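One chain, subunit A, links the two complexes that follow: it is found with subunit B in the first and with subunit C in the second.
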Partner chain A sequence: MPNLDALHQPYWSAMGPMITLTVAAFVVMILEFVFKSEDKRWLHGLSMLGVVAALVVAIWHFYAKPQAVLATVQNDIIATMFTLLILITALLVFLFTYDYAAQVKVASEHTYLILFAVVGALAMVSSVDMVTLYVGLELLSVSSYILAALRTKSTRSVEGGIKYLLMGSIGSAVLLYGLSFIYGLSGTTNLGELFSKQTLTSGASLFAQYPAVTVLAFVLILGGLGFKLSLVPFHMWTPDTYDGAPTPISAFLSTLSKTAVFGMLLRMMLYVFSVSGSNMFYLASLLAVASMLVGNLIALPQRNMKRLLAFSSVAQAGYVLIPFTMFNENNVVDWTSLVNSITFYLFAYTFTTVGAFAIVHVVSHARNSGDSDALLGLYQRSPWLAGALTIFLLGLAGMPLTAGFVGKFYIFADTIHLHQAWLGVLLFLTSVVSFFYYFGWIRKIYQKSEAKDSVLIRPSGIMNTLLGLCVLGTLILGVVPATLLHALAKLA
Partner chain B sequence: MVAYAWLVPLLPLVAYIFLLCLGRRAPEGIVTGVSVVLTFLSFLVSVAVFRAVGSNPDQVAAYTFHWLTVGSRSISVGFEVTHLNALMLVVVTLVSTLVLLFSKGYMHHDDRFAVFYQYLNLFVFSMLALVISPNFLQLYIFWEMVGLCSYLLVGFWYFKPEAALAAKKSFIVTRIGDVGLFAGIILLFLASGSFDYNTIFVAAAAHKLTLGWISGQALVTLTAILIFVGAIGKSAQFPLHVWLPDAMEGPTPVSALIHAATMVAAGVYLVARAYPLFQASPAALTTVAWIGGITALLGALIALTQRDIKRVIAYSTISQLGYMMMALGVGAYAYGVFHLMTHAFFKALLFLAAGSVIHAVHTQDLFEMGGLHKKLPLTTWTFLAGALALAGIVPFAGFWSKDDIMSATLQSGHTVLYVFALVAAFCTAFYIFRVFFLTFTGEPRNPAKYENAHEGGWVMNLPLVVLAVLATVGGFFNTPLNGNGLEKYLLADGAVGVTYSENVPLMALSVVIALLGILLAAILYWRPLVKPERLARGFGFLYQLSYRKFFFDEIYGAVVVGGGKVMAAIVDGVDRYIVDAIVKLVGRVVYYLGLGLKYTQTGQVQTYGVVAGFGLFIILAIAMYRVGGVF
Partner chain C sequence: MGLVFWLVVAPLIAGLVILLVPRLGAAVHRGLAFLGSAAALVLTAVAWDQFQYNITGFQHVTALYWFTLPSLWHGANPNGPGNLIIGLSFGVDGLSLPLLALTSLISLLAIVAAKRSVERTREYYFWISLVTAGLLGVFCALDLFTFIAALEITLFAMFFLIYIFGEERRQSAAFKFLLYRGLATVALLVALVGIAYGAAGAYGSQQAATLSGTGLSFDIPTLTNVMHTVSTQAFSSHARSWLFLFLLLAVFIEEAFVPFHTWLPTAHESADTPTSMMLGGVLTKTGAYILLRFGVGLLPGEVRQYGVLIAVFGAINILYGAFAAWAQTDWRRLIAFGSISHMGLVLLGIAALNAVGLQGAMFMMVSSGLLTALLFFLVGAIKDRTETSRIPALGGLSRSLPMLSGFLLVAALGSLGLPLTSGFISEVQAFIGGFDTYPVISFVGVLGVILSAVYLLYAMQKTTFGPLDPRYGELVDATPREYVPALVLTALVLFIGIDPKVIGELFGLSVNALMRIGG
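The block that comes next holds the complex of A and B.
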């Protein structure tokens, strides 16, 4: 009997969450198929259990020694932090769908579709091989296309799903095109190998040998992922899809899916392009600037709540992209700080965005309207919802004592420190524009409603749990940002 | 025990949150019960901390944890326990407990009874958190919070226009001082890279506080004086003393707690806590001494002629705070803090007793009272204890502390300030016994009000008795009889201040001066040999000067407020027709840009593809052009 312990250990510390979730997904899929009962909300419970198990595994191995399995999956700082965030987000999303499924009839297949999508997302943040990365991305994307069109009776949902499918496929194609150039130039799909090859001798980098093709590949990869991140000008599907999709799925698409893609982008940039000897990341700042400007401006006249959040997420993706533009060979000492800024912002963004989408769902369901006027007098209907939404909006706007402020502050500090102050200034100015629409909502919340139907809104216990978690996350990270930074510092 | 000192501010915060949850319709009994019990627990913890620190001085320490990093500088938060703040914790929690109990009687049947207690608890929390802060940043936050609570409580009866105005005035005037404090803190942070007291003081002692544009010594003096400006505002020192008398529009328990015993003493505490910084700059210390001396005299002079019982005591507070500042200024650190403690006891007592009188007769005008000792015997006797303590008669609390200050002042060589203090002591004895005789002796001047007067029940009497005992014996914490125990306790914090020896002839002199003051009050108001009106006419202009409070309000009204209005008109014009117009223009342009962009969102997926493809093409073109390898 061979001793399998030595083999077993690294597999489990690097792939544990993925394995756990895959098993959970198959179990849920089979059970969903076997049981024909009407109410299948217990599947959510089971899925949540799977996510919690994966979360336990992830936390158990949180400070495990970074190592690669089969040269493909590894558990370094990026993988560990992003895995944690993705699993937390998945938990929030399942709480959300559980509440949602009680009110709106949706096909119960979405439980395991989300689980598979999460497995894909985990692969994207922990893999160091282009093939695995791409497979992870497609697993996430294909599941997402179906999830977006889940409300098959609603033409808007189906339309949003189709649009997402079309644009997403173009994105995948562009990305694959870029990846194939890299493979063609280097002869390997393994990022670790690619990295060591490039740094072997000076002048061995891809860029030094094939400058034009390398830059071409970079733009294609950036653009391909830009579709998924809904960066301007690849963003136009976003409002239609978010608006049509079931609200928990909108929350899923704008947080979990983006986190995974940002993780993959970070991986590609650090392993493939950062050692190129020439900075090409300024190209990303074009997308960042365009996203911040267009996202915030176009959000101003929006009346539909979900569409507004969609545009706001376009702008937020622009903010997160700023640190990406500043990696280069001369500031390796600052890379940790940049990765920290990205991770922190994504954490902050996740709590505020999921919370905001959740309240938008509660309010629009109770008042049967997706228009932002449905918020009028929310304070009278439910002080708790009003207070929570205020916190989320302040967080999204970046007001002090919320996580959003600290996140923006760190990005801003990076731009000053690394002499890209103009990006920081733009971040600040476009944030000011965003105050108009976020505070427009806050004003409506506390305005007296003229409507006669001023009934109280009572969210379910599950929904209150979800909101409570999001409020806690937003406030804790805003008041004591050290908690998360401490974890990051220990990993680095 | 010391490591649990954070419980002290936490308990009142719990009370506050609890009351907040109960809402404003909560029954009075529960509201008072919760507040008093939790604050009393907090008092017990404070006493334990006080004793623990006394028995083991090694436990003096700051307990902090890392909060956030700004650039390369790390900011921490937490709490600290020193001998100084251990004493402050005991004083604040004790007076707070008594005032919270007293308020049950005083605020009985007020519509917003629960709200009043919410504010009071929030104040007690903020004040304790201020005292326990280990750095200037935290101190500043709670410094502003006590200011906010003071604002809310002064304006508690907001439907009275005077109260609303007074609240605004107290807030704005203290804000002027806060600006100085804030500037001082920022300068210290820039120079030392830290907000922590200890880091800053160590750097100051080692002459390591430096900024490019100013010499080290000048920087220490500048920052010390800026911090003192904050203290001037909060502790109502000349020339920012004008807000405190107006703040008497608030309910009397508030005056006792906030505007006599605790918040106004925060300025004194600040100077005491930042004492190493002041010690590094003789110029700053001299400033503190002179401002204190002038305030002590000025307050006492104005108090001579006021007709409103609370205003007399308010000016007395200003004057006594001046004594404390003067003590700190001449290096008598321990005496200043000692006087802070005794003053907290006897001044809270005087205010609460005055509150008991006002509660009984529903007027604050001294000339509508009289003969009340028959109706309010307990109030009379307790007030007398407080008055004797304030006047500085042996062996009451105020005697020990005030005498220490006066002899220290003379020994430090500030003869002029000593004369100021002596004159102020005479006036003090006179004005407080003028109040006593007018209120409690003689014939009732307003029989209708006199008839309905009665004591306020045990909730009001118990605090009076406790405070009267403390005002009587509180001075024995620091006498030659116990080897100057408190002084030794306080000086264990390190080499702060100078110690002075007792001087029996000086003590005798000040007691005689005080007795003369009482005598003058007696022959004018108790057994009138001379009609007070004649005396007032005799002094003519001087009487008017005191009665009109040296015309400070009028001067400020004309210069500051008038000037402010002109400035405001100019700024308003600029704002309305230039800044506003620009902002509106920008807003419009941005909005229409957004509206325009909205129309690009056609809903046609073909458009989406074209835009995306075209965008990708542009970026590619830029990239290829910059690389230069293709074209």
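The block that comes next holds the complex of A and C.
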């Protein structure tokens, strides 16, 4: 009698979170159709339950032996850590939308749309086949297009959604074109097979055989994913979309969706290009440099809070891209340190960014203005919000005692180690530029407001939970980074 | 033992209690901050008392494990990736102990000097405690990461102090401070991390079995050992030069040396009195500490190589600071430029790279710290009464404020290096050291001392003598609370001037350690 446990175990450990969330998404979708009640906020609770169940499954199999299921889905360090991060982000986003839906009327369809997007994101970080990766990306993207345009009554939301749809579709098409070249050259869509083919003999890499086409494919894939990551020069849609979308969705787009795309880029770099033996990676460093410079400089004059966070996220994506520019053949032995620094920074970035967006929502809702002047005298209105936002901004600026400092330092140490010190120097130099707008907000928070309407702002309990989690994440990873680093070291 | 660890953590705990415990009164906030700094001072005294003068190297070492950054190194260990271990380690030697004492003392006096009327005491005393903890961490950290983190903490904590509690033009002053010191940190990061990787690489290629360090280490004592055993072939002098120049750039910005000096006078002009005492008394000594600890300590060959450059910059700063101070009409800007002039002397002493010069530089750090804090305190006290610190607007204060004027005179005389004050012993040693190595440059620098007599006495004469402005006839002289900082700082200035042996012994220990490796 065959042992069924042994058969199911690998499927479940590799795909458990994905399966759980898919089920949850369908259940929420059907219940949304069936019940006609006005207040559907309980759907958020149900979605959160689904995410928590997926988290439990993911943590249950945290240290499971890495293996590939159907040669398509894998539970290695990248999949495990990115899955964990994506699920935590999803939980934060649902807390956020729950609070948001209590104040602003939004179509309740967004609950299951977010769930489907998260399923797509999970597929992007855990599959090792170009077809599945692309399907995951499209699932995430299509859901995101709708989510961005969710405020159908607002022209800005619709405009932002359409811009995102157009630019995102171009990005997908460009990416697909790049993937098709890789398939054409190698005859396989499976990344594992591609990797072993390339490393079979010394001259077997795609680049060694077809240098021009491989570089072309590299550029197309990087550009296509660059659209989704809002890297300069593909960032034009970002401020409009973030500004128009409901704030929780802006937070979703700038954290969860970028995490997933970074995960996919990591797969492509590791399996397809790292063994190529070419120096085409400097093309990626051009994007990183442009994003850091342009993102930080354009953010300086921004007065609208969400637009500023949009440009800040462009710059932050540039920081995260730095380790990606070092995946060449000589360095690939160090891929664990590169993966670790990317993962750590994404964790730091997620907590600070979701927290910042959440406070931007609370403040702009309470004061009915999205201008950063709404922050004036925030410490008088709510010391808690002022303190939390200060921590998030210090984290984004990379100050010690917050996760941002350790994250930036890790990336910096990578660049010194792998002889790309100039990128690390640029990372910190552009961070100094970013001081001006992050500390510019801090300046407003602690400025005395002469306005008579200095009413207190009292966020809801759900919102306080969300902010508390983000503050904890930012501080714990800054003061005891070992919590995350040891898990990473154990998985590697 | 953990003594030095608790010394750093004590103000931090005080700060957290102030921040997190709700509904404490202003007096409690102040009392807690006071307790934190007092604990640091007491622990420093204990460490000083238990200090063993026959041991070179660090004492009271607390080496706690903090975290590991995996696979950042594989040179020394060909079989697998090596990890970078970050330690939360602290310890003291002859150089850091007096600076710790200076930091905890001045923070204590700054809290005493803080006005009762200050609003938002929770934030105020939290940031003061955080700055204190950061500065203490800077002076006794034994790990590069911990050191840089502590320095960055002082950066943003001081920003909040200048920005929230500053006076006119505080916005531009705070942002200027942030920009300059932020850039300094970038240069410092490159230099220090670069040195660590360079040393590890050199160690790996040299394969010397006698070395105590293995692979990549951020531990400062280990790094010092490695740096003095690896040959120049293994760690090319070209790379060392570049790293040293980055380090020098960081030092120049941190110390507000010409041409990177503009942030300091504006910051002092805007900051309130306690913040100015911390800024001028302690924070501007971090640069000199970096140059001694990492420049002379890790790259002595480069200090020698670029000695002329450093000495020339030292002389330029002595003269520029003095001339600029002469031209000022505001006491606070005058003191700021005066302290730049003093720190120029530190550069000269370090560039000399002989025992007397180094010891003079160390004395100057402490002496300038005490005198600058004292001057800012007194000028702040006068400004509280006259509502101005502009020199032309003052006059004849010796009649209405005899005690404060008297203290001011002592501080000014100490600053211009009168014998029996700490300024004298520092200047003499730094110049003797300087003359030994760079006679011409030192000769030019001595002119600055004459200038300092000119500008200080000129300002003193304008402020305390001359006809008494009738507006200032009815002022109340120093209150008992104000006697404390004034007396303590004055007593220390005189004590060091009369009996320099007490801290001279400590400094001598460090100088010997530095000279052995440098010479």
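Note that in this section the second predicted complex is superposed on the first by the 487 of 492 C-alpha atoms of A that agree within 3 Å, B and C clash if a C-alpha of one lies under 4 Å from a C-alpha of the other, contacts with A are read in each partner's own complex, and residues count from 1 in each chain.
What we mean here is this: a residue touches a chain if its C-beta (ideal position, glycine included) is under 8 Å from a C-beta of that chain, and two chains touch if they have at least 3 such contacts.
Being a predicted model, the structure only gives us computed values, none of them experimental.
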Based on the superposed arrangement, let me know which partner A:Leu297 touches: subunit B (first), subunit C (second), both, or neither? first
By the touch definition at the top of the document, which applies to A:Asn340: first (subunit B), second (subunit C), both, or neither? second
First, second, both or neither for A:Val480, with subunit B first and subunit C second: both
Taking the superposition on A as described, I'd like to know which of subunit B and subunit C A:Ala71 touches: first, second, both or neither. neither
Name the contact category of A:Ala413: first (subunit B only), second (subunit C only), both, or neither. both
For A:Asp240, select first, second, both or neither according to whether it touches subunit B, subunit C, the two together, or no partner. first
Answer with first, second, both or neither: which of subunit B and subunit C does A:Leu472 touch in the superposed model? neither
Please write out, lowest number first, the residues of subunit A touched by both subunit B and subunit C across the two complexes. 406, 413, 417, 436, 480-482, 485
Residue numbers on subunit B that touch subunit A, as the complex places them: 65-69, 71, 587, 590-591, 593-595, 597-598, 600-601, 603, 605, 607-609, 611-612, 614-616, 619-620, 622-624, 626-627, 629-630
Which positions of subunit A touch subunit C when the two form their complex? 333-334, 336-337, 340, 394, 399-401, 405-406, 409-410, 412-414, 416-417, 421, 424-425, 428-429, 431-432, 435-436, 439, 442-443, 446, 480-482, 485-486, 488-489, 492
For subunit A, which residues are in contact with subunit B within the complex? 162-163, 166-167, 170, 174, 211-212, 215-216, 218-220, 222-223, 227, 232-234, 236-237, 239-240, 280, 283, 286-287, 290, 294, 297-302, 406, 413, 417, 433, 436, 480-482, 485
Can you list the residues on subunit C that touch subunit A in the complex? 66-74, 81, 83-84, 123, 145, 148-150, 152-153, 155-156, 159-160, 163-164, 171, 174-175, 178-179, 182-183, 185-186, 189-190, 193-194, 197
